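One chain, subunit A, appears in both complexes that follow, with subunit B as partner in the first and subunit C in the second.
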Partner chain A sequence: MAAVLLIALDAANFTLALLLVTLGLVIIFGLMNVINMAHGELFLLGAYTVVLVERRGGSFWVALLLAPLALAVAGLLIEELVIRHVYRRFIDTILATWGLSISLKQAVIVVFGPTAQQVENPLPQTVTILTTLYPGYRLFIMAVAVLLALGTFFLFYRTRLGLVARAVIANRPMAASLGLNTRRMDRMTFAFGAALAGLAGAVMAPLMSVDPQMGVGFLIPAFLSILVGGTGSLLGTVLGTTLIASAGTVVASVWTQIAAQLVVFGLAIVVIRLFPRGLTGGRRG
Partner chain B sequence: MLVISGLTAGYEDAGIVLEGIDLEVGAGESVALMGRNGMGKTTLLRAIMGHVRPTAGRVTFDGRDLTGRPPFVVSNAGIAYVPQGREIFTDFTVEENLLLGLLGKKGGAGRVPDAIYRRFPILAERRGQRAGTMSGGEQQQLAIARAIISRPRLLLLDEPAEGVQPSLVTAIAATVSAISRDEGMSVLLVEQNLDLVLTLTTRCLFVENGRIVDQSESTRLRDDATLLDRYLSV
Partner chain C sequence: MWSVRTAARPFSPSRRRWVQGAAASTAALGLGLPHIGRAADSIKVGVLQPLSGGLENLGQQGVQGTQLAIEEANEAGGVLGRRLDLVIADDKTDPKTAVERTRELIQRDQVVAIFGPVTSANRDAIQPTIDRFKTPLFYATDYEGGVCDRYIICYSGLPDQWVSPFVPFLRQNYGDTFYLFGSDYVWPRKMNEAVRTAAEAAGGRIVGEEYTPFGVKDFTSTVRKIEQSGATVLVLDVVGADAITFVKQFVAAGGKTKTKLAWLGYSENYIPGLTRDESEGIVTVANFISTLQKPEARAFVTKVRKRFGDRAIVSNTVDAHYMLARFFIEGVRRAGAVDKEKIIDAVSGFSLQSGNGMVRLRTEDRHADLNVVIAETRDQKQTLLKDLGRVKASNQCKT
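So, the complex of A and B:
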């Protein structure tokens, strides 16, 4: 019983952590259709913001607030310098953002060195859930993921700003004809996605080894979650992350990590074969 | 009010489409553009809106130069556009579509005014419905309502009768005509449907090969078919 509960908690934890990391990508890839190969590096920069702030003597909680702001600014710069030149040019987008990904990673190595940095766990307490002890910080991550997912949903589907953003994405020329400043919305939407990635990096930093490769591990499951769940849908992403992360966690706990990877990829292939537009996109034909 | 002189524009893959267009639309005036397909009527509207960048010539509106300005600037200058195929946001509700006609404008917060629902009662009934599920005629009314909700001074209408049942075409024409009269709104209409041209406009320009080649009072077209034969028959 306790073992099952632990697996369930771990699955929920990994699902929500993956959701947290995927949220920024949902906006940039799922909604804006930009295949952002540098998304892992935005996540990485968020984590390194924490390292930088703590080195300067700042607290983790300050860093947690600063990371999304720093990444929003970085997102504005990236959008202006790179992304706006490659909208709707898929191959060019992949090349440009891949190059950006390499540059950012190398820049981090130049500044912080190639070795892993440690970020201390700001909530070392454990919490008793029924019969199981569970780390407090993991619960904090789960709470942040749920709040951010709800907040993002609210912003995009329940506010006028979100309506405008979705209108620009749905039909750019018509939105412009109605007087909506589509360039400004592109900038803001991309910066918001980058800020979410940065916040995710900062939140995850205490649980991970903060090194220049840390973004890569999450990038593929994040893309898979969106493809499995269906692009352009937040609910789809929640479904996708749940499927990818729970399958991975459960298989890894009863078998091996490698088997888990195989099962996850196999599952993704089957789902995408049956539902090419994702679980919320309706069946083929 | 709208003055276009020597406007030349085209597409990278299709070459020059407009070969020096000159036209004027006065305040409160309604003008039709007629001509065969591929003669540049739609491109002209797109060039006015800023979707096609002119290579020569000028577009001015109330003396303000709008040549080559982006669409959101043109829209905020008081020119509204109902494109061919309507281009409503099919996944959004009727009310959200209407709201989007306001949100881009200065001081454009607020809510959808009741006046617009009085002009188009069907939209009031459907305000919570997804726009893509409505009929062609209802979608056309939505596209027009969304364009005029910000009280523009010039409405560009591209083939509003297309895909709309004939009985509704007359009703839509009457509504736009009434708005034009009540609010002093000018209309520049691209249309092949003679009834609509007769109801809505006082003057008709004929476009051929990217130029304005002839013009006539709209009422004259009712009895005299020579111009229509010359410029519209295939």
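So, the complex of A and C:
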């Protein structure tokens, strides 16, 4: 019994970590319909904000606050310089953001070098849960993910600002003719997505290798979660990440990591075949 | 193929050689233009390293080691009266690119030898090209063993060289139950095969063996399995960033309090990516560590830092590439001619002073008999635990 509960705990843990990374992406990809290939690099910049702050003698917690702010500014710049020119050109978006991702990654290599950087674990203590030692910092990540998911949900579905943002996303000309400033909403939505990516990078930094390639690893399961869960809905994202992360963790626990990848990708293919618009998008036809 | 290639190039290699020859003889006769003659007459040496694509820090160190040896030779007047010139190519950590760059180095740049690459995948990919153009490849990265090719010369820690002395040491000092965890490709699988044999011979037991695909970011389930297996020693042969991610998560879960972390392929390169707590107590086996208290090691570290700056990482990789380049230079000298076949014949069968003792390059399989040390990381520095001296690997042409 304890073993099953532990696997469930591990699955919940990875699900929430993945949710944390996917939140920013679902806003930019799911809601704004921009395939942002540079999302992994926004995550990367968030993690390197922590490196920079710690090098200057600042604490991890300061960096955690600074990272989303810095990335919101970066998001505004990226939106203004790149994204706004390609909103209606779906394929060009991929190319433009891919180029951006390469430039950002190389810039990090030029400034920090290709080697991995050190980030202190701010909560190195372990907590005894059931029969095992559980890393305290993982519990912190879980809490942050839950709070952020609730916060994002509240912002988009329970505030006037969220209503306006969704109106712009749903029907831009109509929203504009009703007197809503669509440019301002685009800018703010993209900056918010970028800030979430930066925060995710900063939060995950103590538990993964902080190097110029770190952005890619989470990007694939994050995209997969959105496709499986259904674009354009936060609930779908929660569903998608739960399915992708839990399937992976459970299979890896009882079998191997290699089998886990096979099962996860296989599962994604089956779900997308049966529900082309994702689990929350309804069945085919 | 030959005629096509010549026809496609109006300025054919043979004509270029004639021009070079004329320039050289003009210089020799003392009719002026000596430096042009010298430059045209230089020996071209190719370097094929990953300078982008994920393994750039190893690639950079490989270039540094080779460069240092070549510069020293040039300062001492060159080889056979000729300068050595490096032609550096980036394989982008990708096998297909590696093959393209290899062809360019050989056909366009006319190099007499190539130093690199890092991964076994890239080495295997370029092997047919190397053999076809009969251009020696000097490979200075630790690998799984078994390469037996006239045109490939290796300065590499091999499974039996590292594992056979290391595992009994682990068994004796840290316990008798082993968990093996590696990246899912040929090197970790061959290493673990050797670990299993050595552990069972030493009276140890393997309680788990697992491989991970590249790029996994969550190792919770593996950490849990290792804990539940009750292993006293974890033999880690995961490589690169994945290894750092794993160790961070393993340490955060308190793994190091119960299990000794024995990491194969660990070097100074990993230390900056880990905190003091994370790297403390990691035990490894290597041919060279930068903190070795031997005069030759200290001299080497000083030399590298003087050339590449105080923050340069002086790893196994730098030492191995520096050494292999020196074997090459000495080989050219002994061959007495810049002839690929003669260089291959002359490059082995003698010893040179490395950063850790004298090292001999064997003639029978063109691999090196290396000196091996066991080291533990304490306070972010590798500390010598045991100097094993020279360890001979089995003949790689007889496996």
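Convention: the second predicted complex is superposed on the first by the 283 of 285 C-alpha atoms of A that agree within 3 Å, B and C clash if a C-alpha of one lies under 4 Å from a C-alpha of the other, contacts with A are read in each partner's own complex, and residues count from 1 in each chain.
Convention: a contact is a pair of C-beta atoms (placed from the backbone, for glycine too) under 8 Å apart; a residue touches a chain by one contact, two chains touch by 3 or more.
If you're wondering where the values come from, they're calculated on a predicted model, not measured in any experiment.
Participant: Quick one: on subunit A, after the overlay, do subunit B and subunit C clash, or do they fit? Just give me the call.
Facilitator: fit
Participant: Of the two partner chains, subunit B (first) and subunit C (second), which one does A:109 touch, if any: first, second, both, or neither?
Facilitator: In the superposition, A:109 touches subunit C alone.
Participant: Between subunit B (first) and subunit C (second), which, if any, makes contact with A:186: first, second, both or neither?
Facilitator: neither
Participant: Which partner reaches more residues of subunit A, subunit B or subunit C?
Facilitator: C
Participant: Vertex at subunit A, arms to subunit B and subunit C: angle between C-alpha centres to the nearest 10°?
Facilitator: Between subunit B and subunit C, as viewed from subunit A: 140 degrees.
Participant: If we overlay the two complexes on their shared chain A, which of subunit B and subunit C does A:178 touch? Say first, second, both or neither.
Facilitator: first
Participant: I'd like to know which partner A:164 touches here: subunit B for first, subunit C for second, both or neither.
Facilitator: In the superposition, A:164 touches subunit B alone.
Participant: With both complexes overlaid on chain A, what's the closest CA-to-CA approach of subunit B to subunit C, in Å?
Facilitator: Checking C-alpha atoms only, subunit B sits 38 Å from subunit C at its nearest point.
Participant: Can you tell me which positions in subunit A touch subunit B when the two form their complex?
Facilitator: Touch list, subunit A to subunit B: 160, 163-164, 166-167, 170-171, 173-183.
Participant: Can you check the complex and tell me which residues of subunit C touch subunit A?
Facilitator: Those residues of subunit C that touch subunit A are 54, 56-57, 60, 184, 210-213, 215-218, 220-222, 224-225, 227, 241-245, 248-249, 251-254, 269-270, 272-275, 277-278, 313.
Participant: So in the complex, which bits of subunit A are touching subunit C?
Facilitator: That would be residues 6-7, 10, 13-14, 17, 109, 113-121, 124, 126, 132-135, 137-138, 206-211, 213-214, 216-218, 220, 245, 248-249, 252-253, 256-258, 260-261 of subunit A.
Participant: Spell out the residues on subunit B that touch subunit A in their complex, using ranges where they run on.
Facilitator: Counting only subunit B, the residues touching subunit A are 49-51, 70-72, 75-76, 80-81, 83, 87, 89, 91-92, 96, 99-101, 103-105, 108-109, 146-147, 150.
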